[in-house]
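By letter and in written order, the chains are A, B, C and D; residue numbering begins at 1 in each of them.
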Amino acid sequence: MNNQIKISDQPLNIQSCIDWVMTPQSGGINIFIGTVRNATKGKIVMRLEFEAYEAMALKEMHKIAEKAFSKWPVQKLLIHHRIGVLKVGEVPVIIGVSCAHRDAAFEACRYIIDTLKETVPIWKKEIFEDGEVWVAAHP
Amino acid sequence: MNNQIKISDQPLNIQSCIDWVMTPQSGGINIFIGTVRNATKGKIVMRLEFEAYEAMALKEMHKIAEKAFSKWPVQKLLIHHRIGVLKVGEVPVIIGVSCAHRDAAFEACRYIIDTLKETVPIWKKEIFEDGEVWVAAHP
Amino acid sequence: MKVNVLAFGIAKDIFGGSSVEVELPEQGTTQNLKQSLEERYPRLKHLVSYMVAVNNEYASDESLLTERDEVAIIPPVSGG
Amino acid sequence: MKVNVLAFGIAKDIFGGSSVEVELPEQGTTQNLKQSLEERYPRLKHLVSYMVAVNNEYASDESLLTERDEVAIIPPVSGG
């Protein structure tokens, strides 16, 4: 299992993530980049704050990686998540998957971001001009 | 329709493609990177040669972009294809799609690379130690 | 026994701090912990849902707790 | 009429050059062009398939050709 999993309070480096995930064996690389949107449901977002239960989040991210390796012929897999204060346009998450063929790369990348959003203990608070809200906390 | 479509005989610049495709309105960006694999069906690949019917290829790529914009709420869309001689590990194609939400980004990116491989008049020749073959030409 | 409970995200706001101490009977379960917390912090019940993690793993309601466990309240996650 | 036909990929190898000239009857179609080329270059028939493009668009077998059209043979594509 060739993976690189990281939680960091520093800006994520997209190019070095891609460089790491590319291999001479792979023909298809899929990358998902999450960015901070400037608005949610019509309200202007000033910034986002991400917080992680870091030890557990890393453990859950490794479980996701393990599952992806067992479900698809993945060559390399990268999950970087940023925490702290992020401005609009900044990147909270990068997922990269390299495979011999593109089918597996697309499917594994999709699986990883979907599952991360369901199981990994990381929380984001949206800060608006007139208030703030922990995303997904309330009905 | 905010798109950037290009065929070039120079190395593609992944970082500048990603910078171009990111927008403050988008929350999800999906990138597909094709790379030259070191082997096909167990045979070692020395290099690849790509050739395009350029005017028609650009026209077909624009059709794909138009279709993607009509099918999904795409914000920006980029298709760069390289031609000429490529070594193992080099990048013949980069596709980037930014959307407000990730579903559309994944689906549109997948649609674009799948359709490109079916309709865009670009050809690749694999050069092995002991011969060469135009990919997909013969049964 | 006394169990130290870590809080994250909105749970931190509800508890007014990044951890709280909860007194539980010996052989207390995750379910007992939730009841005790919900009595003390009724706003917990207004969340969409929340989980308890024990030693960095999601725990079921029947999990037994000990004083040595690392216990945490996990409100709905929203990473990515 | 004389139609100039562009060749790409393996078609260039089969024709021995990047274009060939084909003599067709007036009102000749894409289908007539294919027949004429297959007689002259039987290896064309060994391809998985091939298309004809007229003025940068894929053309059906019934398309009429003129001397002013840009005509090209499109063997199976393999970009990406």
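To be clear about the criterion, a residue touches a chain if its C-beta (ideal position, glycine included) is under 8 Å from a C-beta of that chain, and two chains touch if they have at least 3 such contacts.
Computed from a predicted model, the values in this text were never measured in an experiment.
Asker: How many links in the shortest chain of touching chains run from subunit A to subunit C?
Answerer: Steps on the shortest route: 1.
Asker: Determine, using the mean of C-alpha atoms as each chain's centre, which chain is farthest from subunit B.
Answerer: C
Asker: What is the distance in Å between the mean C-alpha positions of subunit B and subunit C?
Answerer: That gives a centre separation of 48 Å.
Asker: Counting in whole Å, what is the centre-to-centre distance of subunit A and subunit B, each centre being its mean C-alpha position?
Answerer: 23
Asker: Residues of subunit B that contact two or more other chains, please.
Answerer: Correct list: 34, 113.
Asker: Per the touch rule above, enumerate the chain pairs that touch, sorted by label.
Answerer: By the stated definition, chains touch in these pairs: A-B, A-C, B-D.
Asker: Quick check on the complex: what are the subunit A residues that touch subunit B?
Answerer: It is residues 14-15, 18, 22, 24-39, 88-89, 98, 100, 102, 105-106, 109-110, 113 of subunit A that touch subunit B.
Asker: Which residues of subunit D touch subunit B once you look at their complex with the stated criterion?
Answerer: Going through subunit D, the ones touching subunit B are 6, 8-10, 13, 46-48, 53, 56-58, 72, 74-80.
Asker: Across the complex, what residues on subunit A touch subunit C?
Answerer: 34, 50-53, 55-57, 59, 81, 92-93, 113, 116-125, 134-139
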